[in-house]
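First subunit A sits with subunit B, and in the next complex the same chain sits with subunit C.
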Partner chain A sequence: MGLIQKILSDRRIIFPIIFCLVGYPLIYPIGLPLDVSPDTRAVYRAIGSLPAGSVIVQTNDVIFASWGELGDVAKVLFRYELSRNLKVILIEFGQSAQGTTLAEIFLSQIQIPADKKYGVDYVNLGFIPGEEGALAAWAKDIHQVSIKDARGTPISQLPIMQNVKTIKDIAFWMSVNVYGGILPEMYLRQIQLIYKTPMACATIGVMYPTIKPFVSSGQLIGLMNSQRGAAEFEFLSGILGLAAATMDSQSLVHLFVIAVTLIGNVMFVASKYGGKKQ
Partner chain B sequence: MLMATNLKSLTLRIIITAIALIFVLDFFFKAKLIQDTAFSLQRFVIPIGGFALGLGGITMGLYYARRIMRKDKFWQYDIAGVLSMLFMGLLGFLEASPQPILQWYTYNIVTPIEQAIWSALAFYLASASIRALRAKSVETALLLAGAIFVMIGNAPVGPALWPASADIARWFMDVPNMAEARGINLIVAFGTFLLAARVFLGRERTILG
Partner chain C sequence: MTPIETLTALLSSAVALMAWSFLYKDNPFYRLVERVLVGGTIGYGVVLGMRSVWNRGILPAAQGDLTMILAVVVGLLLYLRLGGKKVSWYSRIPVSVLLGVGFGVGLTTMIQAQITLQLADTMKSLATGNLLTIFSNTFIMVGVVCTVFYFFYSVEHKGPLSTASKIGRYVMMMGFGAAFGFNLLGRTSVLISPLLPVVKPPGIYLVPIAVAGVAYGLWKDYQQGQAKSEKQTAKS
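Coming up: the complex of A and B.
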């Protein structure tokens, strides 16, 4: 029993197993079922119920390291918003300015319908430093704070921005962020609390529990949980992406960790009581 | 000398308190003068934030330059770091939109490196949870049970294998997690409020340097 316990807790054995469990389904998909969470469904419904032509802000508060988790989220949301004929403003209020570059990259990678034009149907306003103070100023007067977009065009020349002057002209705020509770709290304080703008969020797995209470309290309409959230959204919207393909790996690794933890504990308890009897 | 220092400290405290009061009044009252003043101050934060990023870059450059000059351990890597930073900085300044070289470098070199390090966490987290989650006492048994339920509920396939797992995981998130988060948030909010009050009353002077 001791030997099996040692094997189960040896990294030299666990790491290769996890590597295989992650890698195999990516090459040979299994097609395990995917449960769609109510929080992702709420985001899907909220965006889907916006009237055509409404303006939606999608923040890209991410860092390069988190792009594996949030890249597909940003892409599927953006594509869905365009498919609903919404006007999309991409912007970053985070702490790194990395999201702006990644937004430009994903705009060049995804298939954007031919009838959707930059500056008319969507725009990347880039990085706004200054966090909470800058956000408060941006909400009051967008044109005074975002003078140019990420490509250097004055926003006064962009058709999409002609009727967007303050936060009151924005129908929905979708925060894609890696910063856990920090940025959603900032958005809730400066946007949702003051202007009552409907708001939802997408974040990385480890930050999910820090934001979830704001969904339970009703301040956030919904919450997407990293790559899984993207896969759920791809499933709901019918927009094909890479996130769904990674769910088999996630499921297998989760099940492996649960199984090994349970086996380890059964053996631990057995050895404890077995030892007492002797 | 002491009097001059006290005067400087008092002036700074008055300025900080006055600025903070403008934002408090801006939140509660809709007077145009206050709103305009608050807006100007908020816009002032943006260049400060931009300069802070630049300052971070300079500080980092100086730190690594010192390490390289002293030939500290692994100083060769620092050269690569400084050169990469300068390269990215120059590209940002010189390359015209849509910055194809910067984007290529970002997407094909920087992002995969950072993602690889980030992904390695999955191995360590899995290994750590297997080794650390042991029912050695009542408390750890409860923790283990909670962790198992949340893990099954959060596994994409979990609710398909055991339909109740999603509801149980959701209960853990909505009730114990919510209660803990509310408690922490309230404490942080009260703490922030009290810290602000201490600054206004001149009891807290550490922010003055």
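Coming up: the complex of A and C.
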């Protein structure tokens, strides 16, 4: 008992085990089964049912530290939207302004079909400071608030923005965000409730429970959960990415934590019982 | 792989290994990465903020946009907070404008989006015909009522009220457990992302160097421990 307790409470032992469990499947994939959640399926169906040529907003409200979780989500969503011939507007209303740069980075990393052109089929409108007030103003008059895109081009010169004047010209709002309930609530208040624009969300694991109630109430169409959501979306859309390849590592780490939790609890109960006996 | 790609992979692997070296203990490599990250993020934020103010505020104001001139002037009042007792109260004007606009814009839809629609979602029909749905809807209703009651302090939680309070506590614990599970999912994703360049060449070639570094640290710690115990023995 003492040895197990020592092992379980020593981070110099726990962390190398975690590293091995994460690293091994990345080198030698195991191929554990992956179940697709109804919430991710709902996002997939909602975007897939939009008519070709519809305009979709994909917010990139992320920070550098969250990119490990949301990078694959943003990439697979963007690639799927382009494959459905949708016009994609990338934008950031968050608090950090880091999503704009991360959007530019992922645009340079992914393979964009040759017939899809920047400014015609997709655009990065960059960071809009001012949060709720700015969002409300942006929804009423996009050209008044977004004067230039993230690359410095006036949006009046971009073909994609010629017919996009207000939020009413946007068919779907996809929020990829790290801020948990704060930003989706803001989007629900200013976009979904007032203009009835259909909306879905993707967020990091720790924030997932804060947004889930809005899916149950029907305010959000669907919700993608961190890297797992990306893996599910890759599986559904057939767009290959890195997220699906990392799910074996996730499963092994979760199994390990379940095992350690069980052992820890059994030991706790045993020591409590033993203590009473004495 | 081009030389630039090789260099990028090596650099990202090195940075990841240096950051993870903290798992052994605090060391100069970890501190270097930490400072670079914090400094870079702050520098980036400051530059982007300044550019945003310049493009959206100063330039239109300089071109004679009256609304922007007013906005810039009101915004600058914020800095009078640093100007001593006589003028510092002026900084309350932009703060009150910000608060007023925030409340005015947000409050109108907040009640409906975040309270009434959420409340309505807890009032689900129990006559659905599906046993699982009936159980689920009953659980939500009982769970919400008991959880809210847990935070009701005007009566003593005794007898049946104590049971309700206890159920509320268990429901919350279920919620915390689920949140912990999602947290684990997120933290593992954060670990996987920088690990990807480390587990394949050329990043994997840095792993033995990192292991050697940790082994050296362990050896030094062992030696220091030995020296300490020898000193103590000599003293006693």
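Simple rule for what comes next: the second predicted complex is superposed on the first by the 273 of 278 C-alpha atoms of A that agree within 3 Å, B and C clash if a C-alpha of one lies under 4 Å from a C-alpha of the other, contacts with A are read in each partner's own complex, and residues count from 1 in each chain.
What we mean here is this: contacts are C-beta pairs under 8 Å (C-beta built on N, C-alpha and C of every residue); 3 or more make two chains touch, one makes a residue touch a chain.
This is a predicted model, so every value here is computed, not measured.
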State whether A:Thr197 touches subunit B only (first), subunit C only (second), both chains, or neither.
neither
Considering only touches as defined above, state whether A:Gln219 meets subunit B (first), subunit C (second), both or neither.
second
Contact-wise, after the overlay, does A:Thr40 reach subunit B, subunit C, both or neither (first, second, both, neither)?
neither
After superposition on the shared chain, which partner residues are touched by A:Pro209: those of subunit B (first), subunit C (second), both, or neither?
both
Partner chain in contact with A:Asn177 - subunit B first, subunit C second, else both or neither
neither
Applying the document's definition of touch, where does A:Lys148 land relative to subunit B and subunit C: first, second, both, or neither?
second
When the two structures are overlaid on chain A, which partner does A:Ile18 contact: first (subunit B), second (subunit C), both, or neither?
both
Based on the superposed arrangement, let me know which partner A:Leu26 touches: subunit B (first), subunit C (second), both, or neither?
second
Should A:Leu188 be classified as contacting the first partner (subunit B), the second (subunit C), both, or neither?
second
Residues of subunit A that sit at the subunit B interface in one complex and at the subunit C interface in the other, please.
11, 15, 18-19, 22, 64-65, 67-68, 97, 101, 129, 131, 133, 136, 194, 209, 213, 216-217, 225, 228, 250, 253-254, 257
What does subunit B use to touch subunit A in their complex?
27, 35, 38-39, 41-46, 48-50, 52-53, 97-99, 102-103, 106-107, 110-111, 114-115, 117-119, 122-123, 126-127, 129-131, 133-136, 144, 147-148, 151-152, 154-160, 166, 170, 173-174, 177-178, 181-182, 185
Residue set of subunit A touching subunit B in the complex reads 8-9, 11, 14-15, 18-19, 22, 32-35, 37-38, 63-68, 97, 101-102, 104-105, 108, 128-131, 133-134, 136-137, 140-141, 144-145, 150-152, 194, 209-210, 212-213, 216-217, 225, 228, 231, 247, 250-251, 253-258, 260-262, 264-265, 268-269
In the complex, subunit C residues that touch subunit A
23-24, 37, 41, 44-45, 48-49, 52, 55-56, 101-102, 105-106, 109-110, 112-114, 117-118, 120-121, 175, 178-179, 181-196, 198-200
Which positions of subunit A touch subunit C when the two form their complex?
11-12, 15, 18-19, 22-23, 26-27, 64-65, 67-69, 71, 96-98, 100-101, 127, 129, 131-133, 136, 147-148, 185-186, 188-190, 192-194, 204-206, 208-209, 213-214, 216-219, 225-228, 242, 246, 249-250, 253-254, 257
